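By written order: A, B, C and D. Residues from 1 in each chain.
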Amino acid sequence: MVMVNLILILLLGGVLAMLSESVSENMPRRVALVVILVDLAYLLSELSGMPSLTQLQAPVPDDPSTWLMHFKAQWIPAFGISIELALDGISLLMVLLTLVLGAIAVSSSWTDIMVKQGFFEANLLWTLAGVLGVFMALDLFLFFLFWEVMLIPMYFMIAIWGHENRGYAAMKFFIFTQASGLLMLVATLALVTVNHSATGEWSFSYFDLLNTAMTEQTAHWLMLGFFIAFVVKLPAFPFHTWLPDAHTQAPTAGSVILAGILLKTGAYGLIRFAVPLFPDAAMDFSFTAMALGVAGVVYGAVLAFAQTDFKRLVAYSSVSHMGFVLLGVYAWNELALQGAVMQMVAHGFSTAALFMIAGSLQERLHTRDMREMGGLWQQMPRMGAVAMFFVVASLGLPGLGNFVAEFLVLLGLFQVNPWMTAVAALGLITGAIYSLILMQRSFQGEPNPKLQGHGLVDFAGREMLTMAVMMVALIGLGLYPQPVLDMAQPVLQSLLDMTSVEMMP
Amino acid sequence: MVDMIWLVPLIPLLSSILLMLGSATLPRVLIGLLGVCSVGAAAVLTLLVGLEFLANPQPFQLTLWTWMQVGDFSPGIAFYFDGLTLVMMSVITGVGFLIHLFSTEFMEEDASYARYFAYLNMFVAAMLMLVMAENLLLLYLGWEGVGVCSYLLVGFWYQNSANGQAARKAFVVTRIGDTAMALGLLLLFTELGTLDIQAMMGAADQQWQVGDRLPLIACLLLLGGAVGKSAQLPLHTWLPDAMAGPTPVSALIHAATMVTAGVYLIARTNGLFLLAPTAMMIVALVGLATLLMAAFTALMQSDIKRILAYSTISQIGYMFLALGVGAWTAGIFHLMTHAFFKALLFLGSGAIIHYLHHEHDIFKMGGLRSKMPVTFWSFMIGSAALAALPMTSGFFSKDQILLQAYMLPEAGPWLWLGGLLGALLTAIYSFRLVFVVFFGEAKTQPDGDTGWRMALPLVLLCGLAMVGGYFIIPVAEVFPAASTEHPAHWVEYVSISVPLIGLLLSYLIFHSGQLNVDRLVNSSLGQSLRRFWFSGWGIDWLYDRVFVRPYYRLSGTMLNEPIDAIYGLIVAINQTFNHWLAVSQTGRIRWYVASMVFGLILVLTLALQIPAEAL
Amino acid sequence: MEGLNIPLNHILLVSTLLFSIGMLGLMIRRNIIFILMSLEVMLNAAALAFVAAGAHWGQPDGQIIFMLILTVAAAEVAVGLGLVLQVQRRFKTLDMDSADRMRG
Amino acid sequence: MNSSQMMALMPMLMLSLTAVALMIQASIKRDQAVAWWITGVGFLLALWGAGYAREFAQPVTLLLVVDDWGLFFITLILVASLVTLILSKDTFSPEGERKEEYYLLLVLSVLGAVILIQSSHMASLLLGMELMGVALYGMIAFPEKGELPLEAAIKYLVLSACASAMLLFGFALIYAATGDLSYAGMGAKAAAAYSREPVVLMAGSAMILAGLGFKLSVVPFHMWTPDVYQGAPTPVTGFLATVSKGAVFVALVRFYLEGQLYQYNSLLMALSVVAIASMLVGNWLALRQENIKRLLAYSSIAHFGYLLIVLIALAAAQNPGATALIGQAITFYLAAYIVTTLAAFTVLANLAGEDDSKSMLSAFEGLFWRNPLQASVLTVAMLSFAGIPLTAGFIGKFYLITLSIQSGLWVMLTALVLGSAIAIYYYLRIIFAMSKTSATKLKAQSAATVGSQDIVAALLLLLVLALGSWPQPFIEFAGAL
């Protein structure tokens, strides 16, 4: 029930935020922030009653009772569909990330939403609710539902409050994810049908479907359905082209949520569903998947370098970073998987922060074009320093979270395929190139004469506080990632055990 | 006391953070104090720890916490302390302290005083992490940390995009090496199951035979990192450009400490390199090639800092040569002495630049001997040590390297000869600098000579550059024992005399003018050689054509997302269908009826596909 | 019915022919009156087929349906002619090709 | 015919009575409001009748069959007719006093639909369809102003009559082959007829499919759809899209099932081609359509293409479980489609009325800020059409996909997925237009009072959402039919 409440709080909070607009223009954002914090506090208070999180019991994938939390209620018994939510280490991590970044997202759009604030914050909260659902749903029908429904408020956020080219971007985003979602729906239903014809029972429960027996060919096709849906969201090369547009056009909070959280649903889906449901097929496919990952790493980095739009550059860097996640997942060993999970968390913070900086610049300069910037450090040293921090984080400076993630991925990948690792490592170099050019074009270099005397306002209290949270998080992840690793470890271990048992001849 | 070594990097780090947070509010005096004293405190701590260690030279390690644990992979935030560490720490904190002190005066008028010291302190902290790391991953942390600090400091005056360009070049070029090194780490962990340096070398010893393929690959990957950081061929191009940073930065990072990290890395993992003789030979050859290339180039430069930069590249080449021939101790010894005299030279040049209104061209200086006596003597001593004139610190270290190189079977004498040629060139270009800048007629007027905060470090470094050669570094336990054989005496005499010949030549050419080389220089061959050497053997040009521009072009042409074209095509196809179908909706009944008739025929045709057996 | 034993298929063929003629008329005629006439031909083709089939099976059903079709055709034409009046009044023409305001 | 059979025909009786009452009323005093009320009461009575008749479910003579399934659809179309009635009030009251014939036509058309739904014989099918159709011509052409309704009516009349002729001719051929006019009789004798006269039988079936396909507007019999949708008064369009199409589809299913047409591979092939063409062509046509009424016309083409999958799946259904699923699928999809379409046309009727320019996409810009309720209803309707979860349309699509998978109809499935993917674009365009903020300057509508239409819209909205988010009761209900 806790999990249902978590989602309900956000849903109702959204309604409340919308209504609160009638109280005052600025009310909705406060309401939204409070709602998210309440949700977070509620989750933490419920967790505090649990056995120490660092000694999580290894959840047996097909035995819900071993999970941290489990909730099941009948919904559409005719098809064996139930409201089944469950929480294990990885979902918990993702849920925490979602809530923290959600609060940050609210803060990031504190001042730049001018119209319909109530509806905006409502959409934001509903998106978060959908994402929480995705991370917790273990009924495949319910999962699909959340998967699709979270897009609608996100769509509105881009379409209504986005920048100049928002219509195109929102449409592209929605069509890409919906069309690929259709494939997942087909694959889900096919899987259920296979299970139905084998057992005579309809069931959408993850736990029932895990050990569905099917022919190699069937498994391959179904796996592909899931895979495509997830890598479109991830996004992986060559399905990434919606991302630069969506990220660039979304309002700051939208970009933060997109990059910080929504992309992770794709990675989560791969770890939770695409591989465990079809272990053999996934392993057969791993080379292709990893090749796509490597291609994404390099391709994203090369394209990021060419961009003149601040947000677009960051968006392409996401493509590059998420390539590492794909690599980590399909290397499918503990090191690489831990790396992938780390990357999900660390990238969430580093990219969210960069998008916030982009948003702040847009708010101040009314442009994202870096050719119009230059030498901003002079007028806004604090923002410059903060930007520098996140830039070096994103290029993988050891001591910060992203490094731990990328290194673990590479380490795990090396054991599987050294040559691919070598190519992926190019991402470290190309990553440095685009990251630094970002700093150079915006904050360093000759100050743009047009901006002189504009009275640009440096980061102040609220912004610095938000940034500080993320900085501390990244440093913590970089120097002592163990809590995160420990949370994910039992889950990953049991997934690995399960797939290795199944893969035995 | 030894348990406190974690404080050594922590103090500068904290100071750095404090400076960043308080950059806008702290008074300048406090900023300077904080910056200098933190390093000073680190130096004192190092001294205390060092004394204790010397009394009881037992290597020890200290684990603060486990960095991350994933399966068998559990690198710690852990320090390892032995003689080598001590030497490095002493150099870093000692020289670092002097340079910080120097900086308080050098940077006095800069608006971003606090930012400068914050970066500089952070650098010291990162460098300390590098040398104190117990495992390669932590070493990598320090390694990248110093890289970032170097980037920040080279591009310190960010308003000039040339500086930013230089800073990015420094970072990216070294990052190429770092990536190789990272791959080396992956290989080592995958094969040996640990990144703890000592344990790893032990495991390597057991698992691998001398001459195996895997240690060779691993060593070459590590070497990749080392040549990047230490500005050796082929990744040296960043260092001359990195002179864009403030001069004390060049002294600290690009002469005394960071650039020698590659030397440290190879020395630290000597157990691995010993398993791969081919790699050792490559190290030696890289060193030799670099030292000659850089020496020739230094001879042609006119920018005082570029001369010193190439000279640094060249000197590190010597260190690599030493490592390659197995003269571990000599290599590290040269590292230390080089830190002294090169820091001295850089700080001296800093003083000149500071008081000469940021003039860099040596041919616009001249006659500074009387105007800036402290600086002059610093340069005299520094150059003497650089040229390895007898009894200076450089003499002892370089001499050892050359002699041990000579002892190497087969290739030894050739390496020695190459090293000698380098020594000759070194003497020529270092005294060329002295003669041109300090003798002859005065072309510009300095604002005065150094204040005490500049003078004190110079004087102290002068002393170190003179007597550093008599230090005994406590690294006997770290490295395998060197052979005690000595080459024939004539070899030694030749080695000693070559720098003197160089000095003489330099005097004749650049001071007394008795040896006129104009004709030689102005001949067409001389001209093209000159240009070739001046450009650093055209390597920058080559890289620009082969890597930089193609990358720009590649990313430029892909700017508009080639992949999106595929999706664009899908959209276009759908639009085409839409268009033609919409056109078909003519609005006329007759046409609609025709469509129905067509449909009827279609349906009839399909429905009448009756299987033959039914007919 | 002796002596008048025409095979069913022949009548079906004739009615198919009639049907096709009606359809052809629909396709080539532009005047609404002729279009309605063509429709009538088509409906009657079907009616003919019913009658013939009824006769073939010896059932009254075919003829009943024939009656129904007559009624239906009458109703269609009645409404159709009503619309024709309107068409003439508002469009000032009976050419149906001119009624193409809606398209695309 | 005994009294129990009479009771079974209660909805029909009620509607007939209403028609009579309307005529009597017209002869006494012509009054639109009264006619409106009479019609409303008539529909309600018929609704009651539909419930009442459940207890007397049985075949009534050869012509009609009264069963739960049919009664459910009767209920559904009566609801749709009620909505149409409510929407018609505003549409036709400006037409002046003497317009109560419209209500008579409406009642007759509904009566036709009811007969159609319950038909089990060629004759009743013909009567039902013609009654419904001829009344519809009148309804379409009803407005006196403007040329579009007239044009639409004449087009519909000519083409519909042509389709009826095809249908009749098809039946004649089948009758010639089998000698029976009731569906069941045809089915029983078809096997023998097939071995004797396969060409005649198949040609007949194909022509029937073509004739019914016209009413369902599947490709290539679809061309009339956009013109009629656009030209007809909006409530009538809604009526046409829901009642007419729904009733015809039910009749098609009955005929198809009883006649056991699913046994013939060549027919299935024809159906498949038509279905695939409809899914793709319909969506392509809608892609860049600017007029929302036309857009909905095209989208309905695609939706009936989807629905045809069910008929094809029937051939592959091997066990009773699968057949039951197919029954549910038809019921659910059709119900979802009808409800969603009603919701969409309710909004259209409210906002666009009979002004053609107001049904252009551009007229809907910024609707969210001007009229949030109507915009929400339209949004949900579009999402439901697009098959987004939590809406009725999603469950419908869920059924179709499951069926395709179960029956191994991979080609159909591919077309379904492709079509749905294309469709997202144009449904989303409408939503995007409504969310445009640049149009917020437009004055908020002075609809301070909540009209009956708002209530209808809100109820339909809830229904769409309820069917989508809590489908279990309905699934059970549909399963029991």
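What we mean here is this: contacts are C-beta pairs under 8 Å (C-beta built on N, C-alpha and C of every residue); 3 or more make two chains touch, one makes a residue touch a chain.
Remember, it's a predicted structure, so these values are computed and weren't measured experimentally.
Graph distance from subunit C to subunit D, where chains that touch are one step apart, equals 1. Across A-D and A-B, the chain pair carrying more C-beta contacts is A-B. Centres computed as Cα averages put subunit A at a distance of 43 Å from subunit D. Measuring from the averaged C-alpha position of subunit A to that of subunit B gives a distance of 37 Å. Rounded to a whole number, the gap between the C-alpha centres of subunit A and subunit C is 65 angstrom.
Note: centroid distance subunit B to subunit C, computed from Cα atoms, is 95 Å. Residues of subunit B found to touch two or more other chains are 582, 585, 587, 589, 593. Along subunit C, residues 23, 26, 35, 96, 99, 101-104 each make contact with two or more other chains. Listed for subunit D are residues 154-155, 158, 162, 166, 226-227, 289, each touching two or more other chains. Every pair of chains in contact is given here: A-B, A-D, B-C, B-D, C-D. The touching residues of subunit D, counted against subunit B in their complex, run 154-155, 158-159, 162-163, 166, 194-195, 198-199, 202-203, 205-207, 209-210, 213-214, 219-221, 223-224, 226-227, 264-267, 269-270, 273-274, 280-281, 284-285, 287-289, 422.
Against subunit A, the residues of subunit B that register as touching in their complex are 20, 23-24, 65-71, 73, 77, 115, 137, 140-141, 143-145, 148, 151-152, 155, 158-161, 164-165, 167-168, 171-172, 175-176, 178-179, 182-183, 186-187, 189-190, 551, 554-556, 558-559, 561, 563-564, 566-567. Partner subunit D is touched in their complex by these residues of subunit A: 75-79, 115-116, 144-145, 148-149, 152, 155-156, 159-160, 167, 170-171, 174-175, 178-179, 182-183, 185-186, 189-190, 192-193.
The residues of subunit C lying in touch with subunit D in their complex are 8, 12, 15-16, 19, 22-23, 26, 32, 35-36, 39, 42-43, 45-47, 49-50, 52-54, 56-57, 59, 61-62, 64-65, 68-69, 72, 75-76, 79-80, 83, 86-87, 90-91, 96, 99, 101-104. Subunit B makes touch with subunit D in their complex at residues 574-575, 577-578, 581-582, 584-585, 587, 589, 591-593, 595-596, 598-600, 602-604, 606-611, 614-615.
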